[in-house]
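Right, I'll just put the structure down here and ask away after.
Residue numbering begins at 1 within each chain, and the chains themselves are lettered A, B, C and D in the order written.
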Amino acid sequence: MDLLELRRQDYTLEEDQQLLLTAFGEFFREQCPTSLVRASEPLGFNQDLWNRLVEMGGTSMGLPESAGGDGAGMVELELVAEEFGRSIAPVPYIEHTVTSRALATAGTSSVLEGALDGSHILALASFPVRAGSPQLVPAGAIANSVLALVGDDLVLFTVDNPPAHVVNQGSTPLSWWDFDAITDQVVIASGSQAKAIYARAHDERMVLMAAALVGMTESALAILVEFSKTRETMGVPIATLQGVAFPMTDVAIGIAGARNIARKAAWYLDHAPDERPELAAIAMVYASQTATHGTQVSAHLQGGLGFTIEADASLYFLRSKGWGSLAGDPQAKLLAIGDHVLNTVK
Amino acid sequence: MDFTLVDLDDEHRALQQEIRTFLASIFTPDVFAEEHETGSGYNKKVYEELGARGWLYPEKPVEEGGAGFDLIAQRIMDLELFRQDARVMMMRGTSSLPLKAMRKYMPAEVADPILKDAVEGRVLVCLGYSEPDGGSDIANAKVRAVQDGDMWTINGSKMWTTGAHVSNYTFLVTRTDPDAPKHKGITMFLVPLDAPGVTIQAIRTFSGERTNIVYYEDVVIHDKYRVGGINDGWNVLHGPLDEEHSIGLDMSGGLTDLSIGAGFCRVLGKAINEVAEWAHKTSAPDGSSLTDDVQVRERLGAAMVEYEAGLCTPGPMGRVKASDALVKQAAALVDLMGPVGLLPLHTEGAFGEADTEYAHRFAQGTATYGGTVEVFRTIIANHVLGLPKPNYPGAKVFLAGKKK
Amino acid sequence: MDFTLVDLDDEHRALQQEIRTFLASIFTPDVFAEEHETGSGYNKKVYEELGARGWLYPEKPVEEGGAGFDLIAQRIMDLELFRQDARVMMMRGTSSLPLKAMRKYMPAEVADPILKDAVEGRVLVCLGYSEPDGGSDIANAKVRAVQDGDMWTINGSKMWTTGAHVSNYTFLVTRTDPDAPKHKGITMFLVPLDAPGVTIQAIRTFSGERTNIVYYEDVVIHDKYRVGGINDGWNVLHGPLDEEHSIGLDMSGGLTDLSIGAGFCRVLGKAINEVAEWAHKTSAPDGSSLTDDVQVRERLGAAMVEYEAGLCTPGPMGRVKASDALVKQAAALVDLMGPVGLLPLHTEGAFGEADTEYAHRFAQGTATYGGTVEVFRTIIANHVLGLPKPNYPGAKVFLAGKKK
Amino acid sequence: MDLLELRRQDYTLEEDQQLLLTAFGEFFREQCPTSLVRASEPLGFNQDLWNRLVEMGGTSMGLPESAGGDGAGMVELELVAEEFGRSIAPVPYIEHTVTSRALATAGTSSVLEGALDGSHILALASFPVRAGSPQLVPAGAIANSVLALVGDDLVLFTVDNPPAHVVNQGSTPLSWWDFDAITDQVVIASGSQAKAIYARAHDERMVLMAAALVGMTESALAILVEFSKTRETMGVPIATLQGVAFPMTDVAIGIAGARNIARKAAWYLDHAPDERPELAAIAMVYASQTATHGTQVSAHLQGGLGFTIEADASLYFLRSKGWGSLAGDPQAKLLAIGDHVLNTVK
């Protein structure tokens, strides 16, 4: 890689971006307390919250104006995803956003109207379709359509009733999709265009999921910080013990870096998608490591309490993998990152 | 050094066969269904059937209700129980601690009938140690016991009283002299849980286990239930607690686990085996076999290294190592399996027994059970490395301090 | 947010060319040979040549001997210096801290000539902070300074006085009131290192750097060399120290590094590039190309993730993250290269500039420079997470305490 | 793997093994202070110490009686290796031992006499010989003969003067061997026998290197423990800070486990080599991780002092990789371990 690039690294948010962050922060904080998260288990979908998010513009902001949206970029969507993750909100914000954007890019207008008003929920298949092997599709239990790669074609699969929900550790609307059995299939792109749109959608999902994991981990750390100030052992607050304070510090360090990388990756997807093609994967990998470590530390350092389902720490811990795994195996992503490094020195 | 397979003589081989057949007959599907549902770590039928044969505590001599098993026979029993899935046997381990203290510190006429019932599987004793804000700091107990003639009145509440809802008694840490130094004002009691004023409230962990908060409101019990001298509770506790914390040097010829961490490693081992099976039966998105995937092979190798390390690290150090290994490797194996690794037992498309998904949730508890890994690191720092103790206000009554 | 490549106007482009050409002319092979030999982080010719053009501290206004560079020009200079290998520029950074304090706290007639020489590269000032048993606990300074009329007599010794052997002055922390609270009995001096009674003894680190122990035996200096008020040293120190510890919020439009950790990341980046080149030019024992080796690709990817994390984490947190990343990844990259990764520069068969072998040794120092990662974790715990401070006997004079 | 094996796990040493451990512990402690280690840099070989080790039986113990040796097993050799590593002794104990044992197995008597009295030093090539690519050979700068695999043959390459030493981070006698250019080549085994002997020699080297790394790390920890009790910060000994005590504890935990695994692996090589073929690699990987972490912690927690060449901590830190890397890339060894796991569930 070029270590001598004269490039700006300015993370300062524009005023409107700051306002957006604040607005959605308030929205999720007010509309989505952990009691609502619990009430929405095990499916992990709350229709009422989804409707409110639609009203907030959560489903339209990411679509181009030409498609009836507000033309927001990945940076704005990333900021919203941080707040979405902070409240571990039971709505398909990420899947629906990246899939509808992919459809808009392909010029598919058919289902976009329903996507805009949230009535037609969209999801993205994680792997190319292989005959005879159904897939677990994130948000598949509430999705009306799933976008998937079939050979060289990008195909939109639509059903009247989504397949039954499969209870899972992260309480998300997972379900098995047997694409072979679905009759309503529409090819929306082919060849290199299909692959490009599919790859882009996956990059966007990784960046938004990274942002969500950052927000989730911040919530997990916040409750631990409060706990550590009040809980005493040996006559002192446990927060004064380095064995407690240092792990918390390392989690905070991870969060600060993971957030910046996710935002930076979003900026590159908006402004220079070909210059750092590996950045979305880096964001995902580092956010996943941060969330795995951070939610575990939060649950553990709250002692037995953090191990109970009554404790909010459990909500974050179970979703660190329950959400994080949906964007793919982090270890596998290292290969593409390594290939990029190898290419840059060629 | 000796790592040979034990060459069983005819007697032990017959016993192994007998145990295997008998356990298969009592560990019926309803046993697992009930445990999956309740998470109690206990099953009435299983305990009573085992107890009737002296197999609940088979290491005890026959006259104490055991089966006088030698070390090989005990190992056979442990492994066969693990084969059946030992989760329901958890309360046996919990009860075994107070039983020792009762025999040592209670008058025989009070203790013996209870001990007999316990060994025969009809009575369970749970541990009333921790309190809502107490952490591992047992000597900080606030539950009050006040004497009035032959009777004691108990008030307060206990946290993490696992098995209280299925137990007959709780081995209770109480404060009997608030003015004495913390660890000199403690008295132990065996409190009947059917006594008026006892309320038991369930707590569920995200690994599916059940534990309890137990409230004591003007609970009146007879002095005969006192275990050991008044204000001598700290010494009474040492027995069971030392046992809990100082499993170390091997006197068994290699027939016992090096640490309680070996149990955590078995959970990791099952997950490793499951992922290996999954790799054999699953093909990659591109149709290739996962057994040829370098990253699959590498991570199974890495998990195996940590499994071996947890198994081979002795004593309190093994307890910490095995927990760390399980926490980290279970998470890595879930990453490896992907979304399928998130599906629990009995869900559509879950792989096998979903041992990996369970291991990831179960792992968290192992870092806390019977003293957090931080408590054990402190014990290791002071007693293995010989580091000076920090001078905390409450340090002297800290668990790690007791071995001074 | 803005991560665009800076679009240089003609003026900046010309300056970039001028700087690049000039640096290439002064960074001759003998400069690197000398640095490799001495590890002083300084080169007389380079400093004087740069100073003569106002390019040693180009951000300073022309009237102060700088070149009045704007942020873009400064960034150009930093990157071009890095292109040349910035190791010899280390003492420039060290000197820059006391220079600020001198300008602020010394009488102009004393400070100005020294400052002029320093900016022009003819004078260096090193830091006399730590003491042999002092750790990062500066306010614990024991070096005594006793006043007698216009003169002060200094006795004691300082550790880690990097650059003392090439510096003209040391910015010295002294104890002037042993009876006052630790941080109220400190006075700062600018001590000429050619003063009688000063002895400098070399210490070498295993990364090849040189630092020193400096002994002060009845060293007599004039009161004019006092920096700031008597017993007011703690406040004088804040300037440089705050600068050292609070690099954080970006006011430069993204033209400065997010933390001092960025420098550590560049060392990691060079190692990553080297291993990638090595993979291209090396074939596996079986003759296949290492660029197809999954474990090579995977570890380059993992190192790249940590490099990016170190680069993107701001302030004191970035300083800790970058050091951790360099320590762990350099070790992993040495494992990857195998024995060749153990061969230092200029040895038979060493690969390229042996950046990876060097990174592994250099990494260790980054966890200690200017305050250990533990000191910074404490600062982060207290000032970022807002955790209560532990009540150590000496905590109030601890570095982390100063921002109360 | 079989989790229900009824197998003993008894680590108790026989009395004579305990005596051996004590004897070599004393030998290395008395004969090899760190001053001698420093005096032997950069080559990393001390002829006088080597002669004394020969007198102690260090070169003969591992050879079968039929070959004039004492017939000690891998367990005994492992115990000696722990003490050898504890003193980071500048002698080719590991290379010479495993190579001479390989020759004895192959029934090669030619050079064994010189090997027994230490006059003919033996080393083992890390990789099969490939025409046109010289190899860095551990102990190659002092070795008279190097054993290497050439195609299906196990070949002993002998030289009058070993190739020049290459200075390296671990101060070991590394040198480049260009096998093509060596005329004195003797085939000592072929086909499956050659591969078996070669593989066994590498397993033995991994186990002995694991043991040496355990001893090395114990020395590094020991000096840190003493430092931490006396060095004060903020008015307390740093040993009382969890931020110092917990890392030391984790190093101690690593040492305890790594030692047991190395001893266990040695036992299996002696008594049941085919039952746990992956155990030698596990020992090497875990010992390498323990040494990398442990020597780094030792150097770092001694502050600036631990970063100086004057501090003994530097000797251990530089050898953690300087020795550890000689037995091969730990990460690569994970593959064989993983394959074993996959095979056991087939």
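Definition applied: contacts are C-beta pairs under 8 Å (C-beta built on N, C-alpha and C of every residue); 3 or more make two chains touch, one makes a residue touch a chain.
Predicted model, so just to flag it, every value in this text is computed and none were measured.
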Contact-richer chain pair (by C-beta pairs counted) among C-D and A-C: A-C
Geometric centre distance via CA averages, subunit B-subunit A, whole Å: 38
Distance from the mean Cα position of subunit D to that of subunit B, given in whole angstrom: 39
Where subunit D touches two or more other chains, by residue: 236, 241-244, 246, 331, 335
Touching two or more other chains - residue numbers and ranges from subunit B: 294-295, 298-299, 374, 377
Overall pattern in which the protein chains touch one another (line/ring/star/complete/other): complete
Subunit A residues touching subunit C - in the complex, by the definition given at the top: 1, 3-14, 17, 75, 225, 228-229, 236-237, 239-242, 245-246, 248-250, 252-254, 256-258, 260-261, 263-264, 267-268, 271-272, 278-279, 282, 285-286, 331, 333-342, 344-346
Subunit C residues within the subunit A interface of the complex: 1-6, 8, 72, 75-76, 79, 82-83, 250, 253-255, 258, 266, 269-270, 272-273, 276-277, 279-280, 291, 294, 296-305, 308-314, 317-318, 320-321, 374, 377-378, 380-381, 384-391
Residue ranges of subunit D in contact with subunit A within the complex: 241-244, 246
Subunit B to subunit A touching residues, read off their complex: 130, 133, 135-137, 159-160, 203-207, 211, 283, 285, 287, 295, 299, 327, 331-332, 334-336, 338-344, 347-349, 357, 360-361, 364-365, 367-368, 372, 374, 377, 392-395, 398
Subunit C to subunit B touching residues, read off their complex: 294-295, 298
